[in-house]
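Below is one structure, written out as structure tokens; comments come after it.
Order of writing sets the labels: A, B, C, D, E and F. Residues in every chain begin at 1.
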């Protein structure tokens, strides 16, 4: 680590200010409005007793996720995907990533034949929307599971959540590995990586892409180290949020 | 008016608590997060210099609106219209209503060849989302116009806004006309009406529908009277919000 | 009322020539080709024993409507919505309006578990297509219900139709309220209103829109009065058509 | 030919009663409501000065066609293709056939840079809708071309129509070749053929399909002979219709 | 027949070199990669026990087909229909033709309640893709039926295939009828015809289109004669391929 | 590395038999039919002089890719995305990955204002289709660039390809890291990773996903090492293919 100070005054290994407004939604069984600096994502978890037809009778539950952005979440307005009549590749890709990340910490047998749909809607974007979404979605998911337990859809002794999960972006800018890129940093990054890490510090997903020049093993290792440390901080913030009385 | 007290303690002619968080969005040229009780709508106004091709060269601007709901804004989750690949009739209808309401108070000649797109996204729904959207959209629109003036896209002496506009729902429940229906009231209403009224107290739009029994002229008049009074209250709240320094 | 004479020679409170060709379709259980001057709408009612899945077992029937225009019903050709792959907002809005108008006079319990789908296809348009559609649809609906009774899908003593329903457009042109606007009048109207009225003279739907300047209560009242009188005339024409032997 | 009498009393080589209401539409540049017995198709021709971008500057015009059915044109209701959001294979196929048939008798150079779009909407179906559509479309096309000539979009000496064109269905039922099948005959036909023939008696299109057993050359020849004779009768009816003053 | 020699050295009544790689696919129950000169079509037959819901319980099977082209099968690249979000008219039309051709030689009662879906994907196109597809599809179909018999989904004594079927294109170029047109010939043809003929020499489908001038009976007869002879050659090649051990 | 022998007899660090049929397509400017064992992908590169509008005048070229599977490429048939009317998330994700991988080795300035579209169509799937697609696409791309140079669309001294690129899948099965997973291995893998590596051995993309239990840094390192070695072997095969005369 060096003494580089970033545009917003952070050190290279520092997260932006993180806030989690747990229980933001009056309707959803679990919800969190999470902010990573200027990035704000509303995560809701909708609990339904029962599973899709293709899973019926297998004694297992289902967790899935959908990601979207409001049209003016970004600096210039994007057309709505509902108006265009189709979902773009980026939206699809992120929705699938969030779903995989959450399922990695869920024991679907313990969940029983229940379905939880997580919606992550980006209200305002400033880089790292997918990783903020995963981090907030975990909080919404945890509350939805507790709701299901209180309603007796989930057994009192079942432990559907086998670990927690958080995610953060890391990248190399001007040769320097940095944690939690804001939008102005993201567009300048030579290499961009998203890491999804469990509360115990294991990898669920590693996605690194050379935006400029290809990268070597040493750079990869530096990024992973930053990402794992950042996810440990996020894990603690998630835990604090979930520990607070409502 | 009678002494009937509603579920939430309001008198029949009372609005729910209204809040307007003006300038909620860091990116949009104008924005407002408006609440009518549990109904929360994020309104953003996106200003673009220039107009759609079909309007080019006529010396006039364009104002349009799109309305949508987050999937879990409501009590049970609705599938996303982007996933279904088409926009439902209700969404279309409300988007068109908001656009007409706003255009009724805009002098498009004074606006010049500029386009303002208003997005009204319902984050949480508890009845009256379309009327809250119109009321909040006006605030976002006013700020976007001031932004355009500051950027010199609009002439310094031009007055694109010729009046203000607000909207509220009214309905008859158990024979009693009531203002600003919450969701539990809306589903029980025999007659449901949305009125869109300018700051000067003139009608822009009156949409009354018999949900149960058809209604007579006397009932219609009672509803209109309530609606006009409610819109006058909303006009004052809009003005106060716009008068506040940022 | 004044002595103003309109382009087609009508007085301000006069309907255009109305014709109803009842039973136009050889296949449909009820049908009517209705003309309001140059506006011609083919209305068919398709009766099916049984209801959509979501209504099954509730002992109630279902009435719904779809509106569309042939591509060259209008002065210049419009692309087909089937070719564009999506239904426009205007089409959606009018289909929903027709369905609500008809359901307002149907006792779905008395209809029993039967479904009636009304199709209103505009063959030629000259203003007021949605109100002509509602007026003609009522005739098709009445015949489809009699067909269902003859086939014993509806009880011999049941009265699914609790009233008749008709609709007409009214508007203010050059400050003058007028009934049943033709297209050339419609485009000039400052205020445009559609009223849907039952045979007993009660309102089912009132939709008034300021196309130009907003309107006041006095103008609204004048329009409603014209509309109610026009609908009474239409009710008599519907009754005469239904009374005629086939 | 044998003495077989068909359900509707026709001889095997007889057309159903044919009517052509030329100029049915008040708006279209050419139009005809054509009936082949119970089959009724509204054909409109929309003339536009200019051609699609891909044809610009080649000194040639363009003629294209779209075919569709009203939802209750048939014995039981079909869902609208606009509601389904896509056009079915049958609709596509028939639209393409009509376009090819008409283009076969048009000299696009003589037409000049003008576009004619033919819409054939089946109001009521009783077999042979595509052949009725072609036959009626020719009449609408001829009038649209005269309109274009009167408006000077087409040269006074140009002859864009190099021949007339008509079409009819033929089929084999119980081993017997028959002309112009009604729906009840069509569903029983072992072999079904549509022939499109010019006024001079040449083939533009021959489409024969074995619905039941495959057919041999002798049967094919018998069908072609019937079809050519039927098209000659239709040609005379088209000519009579076009010769009548309006 | 004349002594005309074509660009590729063939006589007018000669097929291009035909190859059939039977069993090309490791997964499909029947498959063939068929080449007609430079035209290469991969045909797979997918066998499923059971039928679509609308056919259930009737003791009959179902055979259907889908045709498509890879984007760069042709000389210049075509956009994918999946990307465009809809299937073009030509694709629909050819898929329907292939399905009809195959069903003409299948006894669906003998097939039992089984479904066979044939996919014909054009890997490289050089004219005659639809006729190559039908010819190859028959081979894939025959193998899939044998697979079904081996798996006991089809009775040991049942004969679902009542004949074979092949197809070829014929056309008139410079007044000369020719067999099996390559792409450079197809674009020059005045008349273009596809004939689908059973192994016994009967017609299943005859589709002739005047691309330039309309054609007369004599030309039609010459084309049919060429096509029938070509299909007889293809039938022998199909039989030889199916007779070879795997 | 251990002495484990896999189902197909390979050692854990061994690739499946790789074949590259360069120049498979008669039409495309570059093409390769690549096989990784039973996985067969047809890669075509379509060269167009000029760039999309949004890139015009910047002196830079564009490379993009589309991936798709034939419906029966897999063990059971999948519905076509063209028939479903939309592209699935997986297809989108892989298309984007291939495009990024290729652009990482292209100097778009040296390419000049030219566009190359790569189509990767999976004819038969047995695991690792996306990595086979990238590896084959590079060969097609290299030939398309040489075509562009021969046609003088690219400068004779320009070097648009700054490196080669290949990709391979790696995974952990029963705790053992393995190279180039076949389908039966892929479904059993606890961790699944795709690595995209340049000819010089640098990473372009690393995508690792825990399908079962999350993975630690040691496992990640073992997978990366295997992947880098596998890509070096693929690079040599690509080079040999490109070195061969046509």
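Operating definition for what follows: contacts are C-beta pairs under 8 Å (C-beta built on N, C-alpha and C of every residue); 3 or more make two chains touch, one makes a residue touch a chain.
Here is each chain with its UniProt name: A, B, C, D, E, F = Ribonuclease PH.
In this text the structure is predicted, and so the values were computed from the model without any measurement.
Counting steps between touching chains, the shortest path from subunit D (Ribonuclease PH) to subunit F (Ribonuclease PH) takes 2. The minimal number of chain-to-chain contact steps leading from subunit A (Ribonuclease PH) to subunit E (Ribonuclease PH) is 2. The interface in E-F, D-E or C-D that matches A-F, meaning over half of the contact pairs are the same by residue number, belongs to D-E. Among the remaining chains, the Cα-based centre furthest from that of subunit C (Ribonuclease PH) is the centre of F.
Inter-chain spacing, taken between the CA centroids of subunit A (Ribonuclease PH) and subunit B (Ribonuclease PH), is 33 Å.
Inter-chain spacing, taken between the CA centroids of subunit B (Ribonuclease PH) and subunit F (Ribonuclease PH), is 51 Å. Chain contacts: subunit D (Ribonuclease PH) has residues 85-87 touching two or more partner chains. Subunit C (Ribonuclease PH) makes touch with subunit B (Ribonuclease PH) in their complex at residues 86-90, 92-93, 95-96, 100, 104, 163, 198, 200, 202-210, 213-217, 220, 224.
By the touch criterion given at the top, residues 25-28, 31, 38, 42, 44, 46, 48, 66, 68, 70-77, 80-87, 91, 117, 119, 121, 123-124, 126 of subunit D (Ribonuclease PH) touch subunit C (Ribonuclease PH) in their complex.
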